[in-house]
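Below you'll find the structure I mean.
Every chain is named by a letter (A, B, C and D) in the order it is written, and numbering of its residues begins at 1.
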Amino acid sequence: MENYFVLLIGAVLVNNFVLAKFLGVCPFLGVSKNVKTAMGMSGAVIFVMTIGSALAAVIHHYVLLPKEIGGVVVNPHVWVAIDLTYLRTISFILVIASNVQLLEVVLQRLSQPLYQGLGIFLPLITTNCAVLGAAVINAQKEHSIIESTWYGFASGLGFALALILFSSLRERLDIGHPPKSFQGVPIALITAGIAAMIFMGFSGLDIGLKTFFNHIKQGLL
Amino acid sequence: MADHLLFPGGVHPKDGKSISFSMPIQSAPLLEEYTIPLSQHIGTPAQPIVKRGQRVLKGQKIAEATDNISAHIHAPTSGEITSVSKHPITGEMLAMTNCIGPAGHMVSSLVITSDGEDKEGFTLMPIEEWQSIDKKILLERIKEAGIVGMGGAAFPTHVKLNPPQGKRPDTLIINGAECEPFLTADHRLMLEEPEKIIEGILMMKYILGAKTVYIGIERNKPDAIKTMKKHLREGIEVRELRVLYPQGSEKQLIYALTKRKVRMGTLPMEVNCIVQNIGTAFAVFEAIVMGKPLFERITTITGEPVVRPGNWRLRIGTSIGDALKMAGGVKDPEKVGKILIGGPMMGLAQFSLDTPIMKSGSGVTLLNKDEIVQYTSVPCIRCGRCVDVCPMNLMPSTMSIQAMKERFDLLEEWHVMDCLECGCCSYVCPSQRPLVQLFRLGKSHVLKKRQRELEKLKAKG
Amino acid sequence: MSKEDKNIPDHKEILLPDASKLIVSSSPHLHDSGQVAKIMREVALAMLPLVVAAIWVFGLPAVRVLLLCTAFCLSFELISLKLLGKSLKPATDFSAVITGMLLAMNLDANAPWWICLIGSFIAIVVAKQLFGGLGYNPFNPALVARVGLLIGFPDIMTVWSPTTAAQKVSTIDAQSLATPLEIASQSTAAGKELLWDNYFDLFTGNISGCLGETSALAILVGGGYLILRRIIWWQIPFFYILTVAIITGLVNNFVPMATPDALFHILTGGLMIGAFFMATDMQTTPVTRKGGAIFAIGCGVITSVIRIWGAYPEGVSFAILFMNAFTPLIDKMTRVKPFGFWQGESK
Amino acid sequence: MIEAVLFMASTGMILSTVIALANRFLAVETDPRIEAVEEMLPGANCGGCGYSGCPAFAKAIIEESVEPGLCPVSSGDEAQRIASYTGMEPVFSEPYVALVKCCGDNTRSPERALYNGVNDCNAAINVAGATKSCQHGCLGLGSCSRACPFNAIEIDEELRIAIVHPNLCVGCGKCIESCPRDMITMVPKSAPIHILCNSPEKAPIQRKLCTRGCIGCQRCARQAPESIKMVNFLATIDYDNPPHDLSLVDTCPVDRIHTSLGIDYIPAPKKKKGAIKSLECHKVLGVAPQASEAEINKAFADKIVHYDISLIIKMDEEEQKQAIMESEKISQAYKDCLAFDPSAHTVKEGQ
């Protein structure tokens, strides 16, 4: 059970997708003008990342990965013994794109203002590297399907935390008077830089937690 | 021990009452000329009913209230109306175009040059035993005498004492707090005319049919509390209030004495309370028992630079210059920084000595240049002191930033319309930012927006 | 003049003010003459005991670092104001001096001069002037500089010079002595429980570490002064230290080798100076007292999390900066309910 | 290889059916024509057409068939295209430009007292009715210039007066509500002559308040009775048929009628002692150093760049700034030329 907790802390705080891994920075800067659209965007990204990672993991495990059975490399689900891992990226993108398209239709129906507010950034989620990043990391780390869904959700949460935090900061920046040449995106990038520096403070947290849980196990045994 | 609750926030500004509280009330000498503005009260301005060159007597009605929320205006002395003319734009009857009202805008007004005799011409009949007279007649007399709230708001009293059908106010609160620094008019009035004030209060209680009456007096006026308690009559109670600005504001006073909270956006009438000023009670007495209309009021002329500060019974229409002459002028003209009508916390800064004292002019305060702290544009450092002192529990620091960014929609959402403009936030702001002016700007925009919405509705509706 | 002037004084000439020279402004016209510069001077005064303690503990090098940092910060403020074409008046309001002293408190006594230079540059130019100067910077400048230096030059920032007492006792030269917190994190790594004996040394500050981390007594004196003068609110330091004490106390209780006990955590590291001087910096903390409390509890949680499980021994600066980022959100959440507010009116 | 193709095709098939089903059930019908019209509108959301923004105006055009000419910002042919698209006949509206009806800057209508407060006209009005001598004059604190989305109104900092650059103003009317004293009116861009005063005071009072105020002497009204009328001691131009002969300027004793000639109002040039040494400003205007004021006016009128209004809107931020810089450079040169007094400067031949 605590493995999931460590995974969550790892994805949200330690190597946060936006502020530590620097994935998905373009919507991060684009949508963070005000907190409402930022909330909408984070909701959309969490939805897409969770479902996207889940589907990607399913495809990855049952279709792409060759299974070791009796020493012979054979792929029981696909009767031909071929390793299809090279299809990883293309299939993940296909899944995520269709996922976003589905979301767009649903969102247009559910809340028109949010759809208007997100505008171009909603279809842009397909190209958002954070979403694809989560799926690919899942594949590399050989997470099980449940683990990778959980990791997708956790990294989506990390993205949401960073985005909402950053959008409330940016609303505060508009009130200030940075020098003319720094107004707008330059000052936003500086703030993002400082925020990334702050998140580095959490480095080593997940390892610390692991050792802590081991202590408890030894203590209890 | 003050037996009452304390409202949130509030500040303790420099008292400055010691300058003029010991001076007895002097009656002002007769001056040559009085400029009487036509809109001295909340509501539509009065229409003049006299012509140029017409001779009038002291106390004679010279301008009539057009509709219910308005008040008559009477001549302060006998003399001749020197100049009455039409205002070029609005077409109103107008005496002189360059009479500047306390708020600085051009105000149409009548000018009377006194003939020196000061002959009285009261048309109102004095009423001795007012208890047996019907309420309607008393209310009519108050309207006829042109009585308005003397606390500073100048709301016509005959409207306030005549509650709408559904409401039955059970508490009448008499505001003797006078929490505004430097002003001592009410304080002196309480010391010198306690019986008349108590009689006036009883009349108002009778007209309203209120059950309990509280007179709230701040603890920094012990002698006033003693004299008022000495002349007390049954049904009236004197309550000692702790010294805290703005104790005298309506909502805070009601909460302090009756623990009832006036809900936002509603009048004290909602919690069955009516608040009247000490001066108003005295004016009601003079109107009913002595049949004397409101053309005189007690004004404090005070401040460091004034040669002989004191409390004067000034006639309405005396210009600031004449008032200052009475008080012996100023010690050093170079050092004078500001002239205010009203007290230093809510008073209006003036820039010409011709502005007349109106029915609501409770004081003329002068401040030296070194006493004044200029407003600066140092950015808000979010220290939160203004949030601590705001008596209405608003958030002045965030609201001021919203006002600077001209986000008046956000300002309306953050309740700028409930700001009392009492000045506590600007008083404590370490960056010395003009917070009250920003909120007043916000209010004017919000009112303009609501006006536009009203017109759109009318156009559609 | 009027005909009968009975009450008007004798013929001494009556002077009236010249109307065109009057000042016209909105009400109110009085002020309690509080100024930003006065507040900053009070804070500087409150830091004096800390400076004295640092000099007493680390001797002359401490003075060098303090002077260097303050001078660099002030000069950077003047240069950037000049370059931005703004008036130089804000430089006189002591806020640069305060940032300089706070930055010095975060450095070691023998910190090289260029560390002070880079630290001051990050603090004043990057963290403050680029955002628009006083009042607009969302992050505490001194802490941004400290975190920047810590991450930028990890080796230099974790070398601690010996205290004067230690120098007298042993002849070891400026060999790296570990701060109590570092000793604690080593012991948890090794899985052994740490039993700390003399808390008195911790309290008086006779331990190695950066200038500000040492004497908790001096900080309490300075902080108490500020609270009494109502420059800072008591809520922030109180809740901050309370939360750290509770969390570390609990964890120490259940898993002793994970972290030393609560008292140890309070007296060591930057917690005291963070709680009284860094977390209460007005521009970067929430406006209302309720918001301040939430801010302090948040700082406490994150400080303990980093100290117990994080890689860095010292979590205070990261915690305060993290909560600075949350301040706009906290401000949105903790709006004071207006006087006479009722359900009919939307919030 | 075949497996990859098969696999991709099958997943593609499944997912697209899911989306197709979703599309059918959750369809939201939006009229494509509204988006098309919205594309054609300038998209400045200035509200000049009376609707909250371009999308709302586009909706009105389609549903309530409001005629597109209402949009003051889009030029004639733009309205044409929208009209033809929606099958309505276009109405061509003559371009209107904002004008601040006041020339009483600090030098002419001085401050009565020292104002200390927020630097905004609406805020200053609330404090003692603003300290400018003339109660009807422009305070020059910049409410209108901040309200203008096309930053076409410039505030002269020392002289405290607002100046509208006609070639940048698109006539959306946003500045009108922003002015607390309603100093700004919309005038046809082609009208050359304007009366820059808004004060109805009578002559004796007006003289005290502002040295350049209209004293109601009616000379200009008598000379061009059909286009200038006296309203409350203030001469007002009837912009239905504006006066065109430029001799009117000389009739005004207060020299307050200013020919617009495409020039936006220029405040009284301060005669600096030994002011402009270099003749650079003359080169910019292409006029000889000893040129008379009329010649300078003429040269300036030709030089000032006349942009087609819709063209300005299509410009991005950069070009628009460039346009302002250009017109400012010329205005500044014009100011310097007026301020340049040849006597203080020995002019070498051929310069």
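Things worth noting here:
Everything below uses one rule, namely that contacts are C-beta pairs under 8 Å (C-beta built on N, C-alpha and C of every residue); 3 or more make two chains touch, one makes a residue touch a chain.
None of the values given here were measured: they were computed from a predicted structure.
Comparing mean CA positions across the assembly, the chain most remote from subunit C is D. The interface with the greater count of contacting C-beta pairs, when B-C is set against B-D, is B-C. Measuring from the averaged C-alpha position of subunit B to that of subunit C gives a distance of 47 Å.
One inter-chain figure worth recording: subunit A and subunit B are separated by 63 Å, centre to centre, where each centre is the mean of the chain's CA atoms. Distance between subunit B and subunit D, defined via averaged C-alpha coordinates, is recorded as 44 Å. Measuring from the averaged C-alpha position of subunit A to that of subunit C gives a distance of 35 Å.
Multi-chain contact residues of subunit C, defined as those touching 2 or more other chains: 19-26, 132-133, 135-136.
Contacts with at least two other chains are made by residues 175-177 of subunit A. Residue positions of subunit D touching 2 or more other chains: 112-113, 116-117, 123, 126-128, 131. On the subunit A side of its complex with subunit D, the touching residues are 59, 63, 78, 80, 82, 84, 87, 90-91, 94-95, 98, 101-102, 105-106, 108-109, 112.
Residues 35, 164-165, 168-169, 171-173, 175-179, 182, 187, 190-191, 194-195, 197-198, 200-205, 207-209, 211-212, 215-216, 219 of subunit A touch subunit C in their complex. Only residues 88-89, 97-98, 100, 103-106, 348-352, 374-375, 377, 406, 434, 437-438, 440-441, 444-445, 448 of subunit B touch subunit D when the two sit together in their complex.
Against subunit C, the residues of subunit B that register as touching in their complex are 7-8, 11, 13-14, 26, 28-32, 104, 116, 181, 251, 255, 261-265, 305, 307-308, 321, 324-326, 328-334, 336-340, 344-353, 366-367, 369, 371-375, 378-385, 387-388, 391-395, 397-398, 413-415, 418, 421-423, 426-432, 434, 436-437, 440. Residues of subunit D that touch subunit B in their complex: 112-113, 116-120, 122-123, 126-131, 135, 146, 177, 200-202, 205, 232-233.
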